[in-house]
Amino acid sequence: MNVLAQSPGLLVAVPLAGAAISFVAGRRRAPHVAITTALVVLTLAVALAVHVLDGGPFRYQVGGWGAPLGIDLVADGAAALFLVLTAIVGLVVTLYATAYFRTDDETAYGHGLFWTLWLFMWTSLNALFLTGDVFNVYVCLELVGISAVTLVTIGGGAEALRAGARYLFASMLGAMTYLLGVALLYAATGQLDMDVLRTTLVADTTAATGLALMIAALVLKTALVPAHFWLPAAHGSAPSPVSAVLSSLVVKGSYFVILRLMLDVMPAGYLPGVDIVLGVLGSAAIVWGSVQALLQTRIKQLVAYSTVAQIGYLFLVFPLARHGADVLTLALTGVLVHALSHGLAKGSLFLGAGSLMTRFGHDRIADMAGAARSAPALTFGVALAGVTMMGLPPSGGFGAKWLLVSAALASGEWWWAVVLVIGGLLAAAYMFRLLSVLLVDAPTELHASKGDIRTEWLPLALALGAVLLVLAIPLVSDLAAASNVLIHAGVTP
Amino acid sequence: MTPVLPAGIGSLTFSLDETGTPFLILFAFLWTISGLYAFATTPAGERARLFAYFVPSALGGVTVALAGDAISFYLCFALMAIPAWGLITHVGTPEARRAGAIYLTLTAIGEAALLAALVIMAVEADSLALPVLAEAIGTSPLRDIAVALLLASIGLKIGTLPASGFLPLSYTYTPAGAASALAGASAKVGALAMLRLLPAGVMPEEWAYVVMALGMATAFLAAILGTLTTTPRAVLGYSSASQMGLILVAAGVSLTSVEAAPLAYGAIVAFSLHHGLAKSALVLGDDVVSRLTGSARTAALAALALPVLALVGAPLTSGFVAKYALKDAVHALHGTVPEAVYALLPWTAIGTAALMLRFFALTRERTAETRVSSPRIPIALWSLVLAAVALVVWIWPAQWNVHAIESALSPSSMWTALWPGLIAIAGWMALRYAPRSAQRLTGIVPPGDVLLGLAAAVTAADRWLAGRSRSRGVTARDERADIGHSLRAAERSAVAWTAASTLFVLLVLLLVALGTR
Amino acid sequence: MTAWLPMLVPAIAGIATFALGKSRGRARNVVNLAAAAISIALVARLVVHAYNGTVISSTIPMLPGLGLGMSADLLGLLFATVATVLWGVTLVYAIGYMDHATDRARFFGFFALCIAAANGVALADDPLSLFIFYEILSLTTYPLVVHTGTPEALAAGRKYLFYALGGGAALLVGVAWLAVIAGQTPFTPGGALAAVSDRTAELRVIFALLVAGFGVKAALMPLHGWLPGAMVAPAPVSSLLHAVAVVKAGVFGIIRLVNELYGPELATSLGVATPLAILAAVSIIIASVIALRQDDFKRRLAYSTIAQLSYITLGTALCSPLAAAGALAHLAHHAVMKITMFFTAGSVYETLHVKKVSQMPGLARRMPLTMASFAVAAFALAGIPPLVGFASKWMLGVGSAQSGSVWALIVYVSSGALALGYMVPILTSALREGDHTPARGAESDPRMLWPIVTVGVLTVVLGLTAGLPGSPVHWAMTAIAPSFGGWTP
Amino acid sequence: MSTYLVYTAGGVLLYALGTYGLLARPHLIHKVISANFMGSGVFLILIGLGNRSPESGPDPVPQAMVLTGIVVTVALTALGLAIVKRYYTATGLDNLDDKPSAGGDR
């Protein structure tokens, strides 16, 4: 049990150590270091989840210092879910990357850095999910941002650099806005710890301004429409394993902070109207992102815009949270399931897109006919991921959609349900635009030799995970009940 | 299970009763003779195809007289009527196909109406047995709709206005043997349906009057259309429609009066037997004549006079007896309409006579066709039918004809039978000296009259609809492309750095403004 | 667990088919045929239980407060029986039909998955479970519709998805809403919503949503647009899916909805049944009229399917016991008739490349057994006694008249007339002398011929035995009776 | 108290200036430096906060925050400059708007 209680600290320390070791281990041994690290982290994440399920949320003091100068980590059910998701996707991406970044490919600039940067980003992400302090959120966000921008530009093409630059400036804009918010919040309250803030926060213009700035900055980091401008280019031009991590995990990091600030830290109605604005923007994201995905002609752009759309769902929890404990429980469980299913499915899609691009040697959707014949498992993976994107049963996406629709209907604000339904249909439209090309029979076996068993089956594995998630909804439900949001809302005794 | 449920094969009952017997004999005789005739006159290569339709049709056409419950009646009715489509379209010409299409349409509607009526009657009677059905519907709240459906179905079967073109269309293009069966037997199933299904003496008088008026109108109008049509077979078709109009008058009588119903039923049976045999003889005769030359042809033409006279209703023929029975039945009713009908009845004979003259003339004009097969068998079969026409009046049940035969010999009835024929002949003569424009009138009515126009209208509407939906599809595609283009442009400007980051700053301000309200 | 098996066995067969891959054709055939045989035996066992009054059911937890449940009642088993038995027949046919086709593993794999989904729909115990299998059915059908990969097939597939997923979305909202106000509502004869029957406005909206969802697969106008296009799929797909499994899942949903979710009484008192009936009636007439215009053989059959499906919807919506039973019986009867016709269409295409009615002259002589089977089915469809179609049509008609809806009766008989109008020309076209005449009696591959003859004979046999216990007619009445408490046929 | 206000006012001014530069100036180096302006603005506010209540002594937390923030900003700036340089090498452009590069005269 003692080891389990140490898991938060280890979840940060182990990938950090891995990053350092991979840097010195050299290009050839780095992948092995990364795989080992990933396995350990997955074990730790599962251990933490088990611990939370057993004993509820707990705090962990790094180095035993304690707040305010020390760093406190907070592990609750929601954090455990994101950590497990990160670990699963991280493991699969690591395995995939061993095939994608071939060690014998000496020409590729910066590929050797991938392992270190990736493990470092993983460290920062884990820290972000666990941190209990609004300033540490800033630090973690920036560490994630720096490693993410670097990873985007790792391929070194003009397009990637341009996207990286945009990503970096957006990241800077967000960071500074967030930091200003923290400064104002501290000026008003003298507190940084979220738990303390939750109990001490009173109506105050400066504090409210600070929190509004923080939310806005996090919205930018999460790429909610209309602040999505940096995402399609960055996720679309990064190397595929990087895109997978960015889309399925990184945006969830900043989102998780919004979730905690909005539903846990701030008392109900603290920033009046902001919850509605977030819901409206989420709806706009669903529609606009899906429509743009439908219009894309390149595969990774399509997947990236799909992320823009799918992020929108996550924000529907905020307007729904105003309608009492039952609706909140449904909606929160819904967004958590959605975050998980989207994380798995989007990881699968980006990895799958990468494999398709390797096979075909280009990224034009229109010219990808025949994939179903030459790479059936890959196509099947894309199809399964699509199923969960559309929210069709039986898949995690369906569970999420069901819970959110139920929450919307139970709240009486049925229009959110309409948005959800439209989003599902639009997702079907863009996914089948892709699938219908892959399914076309075309005599193209040209690049079949480039197929590696890892690049074909790993996307399918993630997609299968997204589908089978529907069976794990009771478990997710239990972890949601062990989240601080629901405990503090009085739902969980 | 309730008795109205179909228990598959178990629910089909067949039995022979008093009403069915004359019809069974008539149908069996006509279908057999016609079948043999068709077999003899059809080239060997086409036989299989013709008989693929003829056999089921005959099967239905004969067993319908035995059907004892709603379902078997419907089955036989359908079995006879539907395959007849193949007989009509057998020659495969465009006209024949069109005739077939119209036939099938009307038949299908008739079947539908019959089925609906049967269902309602079965529900009301909680039984499937035919006698129970007709009785039960009389007292049911759904009586009117059921009777209307029945009349619609029967009316279509027997070519009542406005479907007077139905029968000419069914005979004109059909091979002679099959046409004989259709002309002689098929329409008589409608008569059988009247006896089996129409409730006796329960309907308000107005119903009877409307039906009788419709029957009379058909009798006259079909005669006029028939004299103006083009082929001997079409003339016979319109003649059938005209005669069936008279049967409908009898049906009208039976609807309203319990007392007159037996008389009306007698008339219906008499008319069916008489007309079935005579019309079959005419159809076959026309075909036989076209196969002969020289003196044989003249002899055949002379023999045709027998059924012609029977149809006109000359004394001592079956037609005379049938008309007599009809008059009796109408006479049993009192009121303006029945009396008017009674007064008008003899005048229908003028139409019949005119039709027969026209038929005779057209048949005589027909050029002999060279056929491979020897006409010996057709002549023999035809003779059998002729014999039946001549003898039927002497062998059918006495109670129907004793009266008629006695009175046939009186001078007044002789006169009654003769004057319409004389008027028709006089008219015919007059027409020979009439101006050419009047003469040209003959031949203006194609077999099928208004039904052809209706069919053409449907085809045109169909084409128009198809054209419209095609053009709609093209514009929709263009619009979609335009929308896609503008959406892409909108996203391009939304993600341009300065615009996008400004948008973000506005969002920040919005959240702050909201949060600090 | 037993209640899950009719769904699981085909699903496992499907996965095994994928696993066997492209090359092991014989093993694939064996697996599929064996699975069909096992499924038939399983369903038969459940039928025996259900007839003896034991309804086997089982539920596993899934969403908070809601489970995934299967229940082998007579109503569901009727559909499951139809789907499973005809799957067996179709497999034989498909093995013959797809002899030279590519991607057979994919084809047979999804085929089995579709049957699994259809059986899931049939035996689902509550709206949520039904919805889940309904959506799986949509998805597993898509690869079959686009199987040929031609642009035409892809366009049809797109259209199919657009409709299916749109309907699914409506269904999702409806089912979720129902769960929100009523919680878990297992199907109960006579209605499961008594506790919330006072929330009339919401229940009306939910009914409309559910009908919109089921209406897509039931091809209720104006939601029918996908069906004619989806006929580009290979013939076995059209046969089984578009005559049996997919479309029947839609009407079956409506049957469950009216009889066992809302219940006839509530559906009538809410005033939602009559609009549904009118919609169905309009569909019947319009689809039949359009069918008259089609020269393409399969399209004509497709529009006929649309009309016939609305028979079932109309019968159900009348909320009268005999009509409802007739509707259920027609579900089975129509499946048998229509599969015969689609088999024929596939056979003549595969053997002679005949796609249009106008190309058929000579077929009767060339393929006499095939066309004779077709003729029997065609007349059955038009409702000629004593064939199978007549029995259910008569029930529907009598039910209409008994419930005082003479208009519905008129619709039924008119549609019968129209059915004659579009079926008879096919037969006469085939009977005409024509191009195909010379090769007299050269039938199709026996693996295609004998399934056709089998189902053709079935249309006669089921018609003749309609009055016996265990016939679809009898079965349907037994299954429907509890929904109209106290009604004894 | 007034010192605090001065710091805050100066910080906000710097922040606004930086925001304008980051949003509106096309040249990439301009943007990097503007972002630094923003950071400096926030640090100024935080430093002011440390001395808000002189009687209880300086608050160590804002100072810790500023130190950490500077480290982060330096890292961001370094990364930004590296990317801008590589971007310029790869495309010959110094802005994101696809305008021709202004070249050495800046």
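We call the chains A, B, C and D, going by the order they appear; numbering starts again at 1 in every chain.
The definition used in the following text is that a residue touches a chain if its C-beta (ideal position, glycine included) is under 8 Å from a C-beta of that chain, and two chains touch if they have at least 3 such contacts.
These numbers come from a predicted model, not from an experiment.
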- prompt: Which whole number of Å gives the spacing of the CA centres of chain B and chain D?
  reply: 97
Message: Can you compute the centre-to-centre distance for chain A and chain B, using the mean CA position of each chain? Integer Å is fine.
response: 76
Statement: Taking each chain's centre as the mean of its CA atoms, chain C sits from chain D at a distance in Å of 68
- prompt: Rounded to the nearest whole Å, what is the centre-to-centre distance of chain A and chain D, using the mean of the C-alpha atoms as each centre?
  reply: 28
- line: Residue numbers in chain A touching two or more further chains are 166, 169, 173
- prompt: So which bits of chain B are touching at least two other chains?
  reply: 496-497, 501
- request: Note the residues in chain C that touch 2 or more other chains, in rising order.
  value: none
Message: So with touch defined the way it is at the top, what topology do the chains form here? Options are line, ring, star, complete, other.
response: other
Message: Run through the chains and report each pair that touches.
response: A-B, A-C, A-D, B-C, B-D
- prompt: What residues of chain B sit close enough to touch chain A in their complex?
  reply: 484, 487-488, 491, 494-497, 500-501, 503-504, 507-508, 510-512, 514-517
- prompt: Tell me, which parts of chain B touch chain C in their complex?
  reply: 1-2, 4-12, 49, 52-53, 71-72, 74-75, 78-79, 82, 85-86, 89, 92, 100, 104-105, 107-109, 111-113, 115-116, 119-120, 122-124, 142, 145, 462, 466
Touch list for chain C against partner chain A, complex: 61-64, 102-103, 106, 131-132, 135-136, 138-139, 142-143, 146, 148-149, 154, 157-158, 161-162, 165-166, 168-170, 172-173, 176-177, 179-180
Message: Applying the document's contact rule, which stretches of chain B touch chain D when the two form their complex?
response: 496-498, 501-502, 505
Message: Going by the contact rule set out above, which residues of chain A touch chain B in the complex?
response: 166, 169-170, 173, 177, 205, 208-209, 211-213, 215-217, 219-220, 226-230, 232-233, 270-274, 277, 288, 291-292, 295
